[in-house]
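The chains carry the letters A, B, C and D, assigned in the order they are written, with residues numbered from 1 in each.
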Amino acid sequence: MAIVAINMVPLGMGPSVSKYVAAAEKVIVNRPGIKRELGPMFTTLEGDLDEIIQAIREMQEAVFETGVDRVITTIKIDDRRDKKATMQEKLASVNAKLAE
Amino acid sequence: MAIVAINMVPLGMGPSVSKYVAAAEKVIVNRPGIKRELGPMFTTLEGDLDEIIQAIREMQEAVFETGVDRVITTIKIDDRRDKKATMQEKLASVNAKLAE
Amino acid sequence: MAIVAINMVPLGMGPSVSKYVAAAEKVIVNRPGIKRELGPMFTTLEGDLDEIIQAIREMQEAVFETGVDRVITTIKIDDRRDKKATMQEKLASVNAKLAE
Amino acid sequence: MAIVAINMVPLGMGPSVSKYVAAAEKVIVNRPGIKRELGPMFTTLEGDLDEIIQAIREMQEAVFETGVDRVITTIKIDDRRDKKATMQEKLASVNAKLAE
């Protein structure tokens, strides 16, 4: 189980890029086995790392299919093997300590 | 106005780091002039870029004050000058296109 | 052809991590079809994107095999389809403009 | 002493961006107190963290001054307080272990 944050920036398509972000998001919305949280800078995914990486590759190709020539993709992977950490548990753990 | 995602990883303090993340978050919770969204991988901030950078420096020092020797900080800045883009507007723009 | 920067941070193994970085680098040194440039913060790879992603997965597993429980991996992909851009061409292009 | 990797992506200016990268680099070339290493994905800087952050802000403004409306900046900071780690020492430490 891994938690993966992803950001894609299409180059050469004007300062507004939500249309291209949406094209990528359509690949991952309701994708079986992968939880998704859309954020203002990153979309965060939770699930099997190799399935997530496969989905990211499809998200990239979906952006190229809109006519974009160059895409800068930033990925941050939190892969933990000593325990199964979910997005919710990470948030709850920090919030609990903030409440102390 | 900028939108800034930040992630801090303290090195050498065990695989669980929420205690150190919380120490950094305490600096930014309810900080005047800066909107904050805690996420599973990044905390996203919205406000004046230089005020946000000042807050990030204080967040870093708060982590060092817990006894950490080394901190890896990842920052992603979306600075737009043609229009005032908020976190909510970015999300709404993508969600609207997803609903089409 | 893509250019990919990668950084791996093992958590819970002390502030010095070069031993774990080296374990990952051993996977990619002299790997056929992938050019490699070791930098102070990122290792930059050049080649077929899917081959590079496969290599990155092996690099991650090599770090886990040293006994690490948690690895934070940051990846930045520059994937360009309008022309074949190499690491050297990107550097030469910037340096040429710096010399103007 | 910190080591900081920085990448800037101007949005809306075509797929080729070396002209804008060069505008930012001009701010940091031969800057007193800051060592610089230009890489294919990141420029890596070494020096006092607050001086580096000030330089980064000037690099961002230099890109806006070329007429760009939106800039995505990715920054990765390695700040170590238990010993003074330079770019060269980090590389030497990994290369030494690769040679074992």
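Rule of thumb we're sticking to: a contact is a pair of C-beta atoms (placed from the backbone, for glycine too) under 8 Å apart; a residue touches a chain by one contact, two chains touch by 3 or more.
Because the structure is predicted, anything quoted here is derived from the model rather than measured.
Need the most distant chain from chain D, centre defined as the mean of C-alpha atoms.
Result for max centroid distance from chain D is chain A.
So, what's the distance in Å between the C-alpha centres of chain C and chain A?
The answer is 20 Å.
Taking each chain's centre as the mean position of its Cα atoms, how many Å separate chain A from chain D?
25
Quick one: report the Å distance separating chain A from chain B, using the average Cα coordinate of each chain.
Distance between chain centres: 17 Å.
Quick check: what residues of chain B touch more than one other chain, meaning two or more?
In chain B, residues 15, 69-70, 72, 74, 76, 78, 80, 82 touch at least two other chains, as defined above.
Chain contact graph: line, ring, star, complete or other?
Graph shape, chains as nodes and touching pairs as edges: complete.
Sort out for me which residues of chain A touch chain B in the complex.
It comes out as residues 3-5, 7, 15-16, 18-19, 21-22, 25-26, 29, 37-42, 44, 46, 74, 76, 78, 80, 82, 87-88, 90-91, 93-98, 100.
Which residues of chain D touch chain A once you look at their complex with the stated criterion?
My answer: residues 9, 11-15, 17, 69-70, 72, 74.
Quick one: in the complex, what on chain A touches chain C?
Residue list for chain A touching chain C: 49-50, 53, 57, 60, 64, 69-82.
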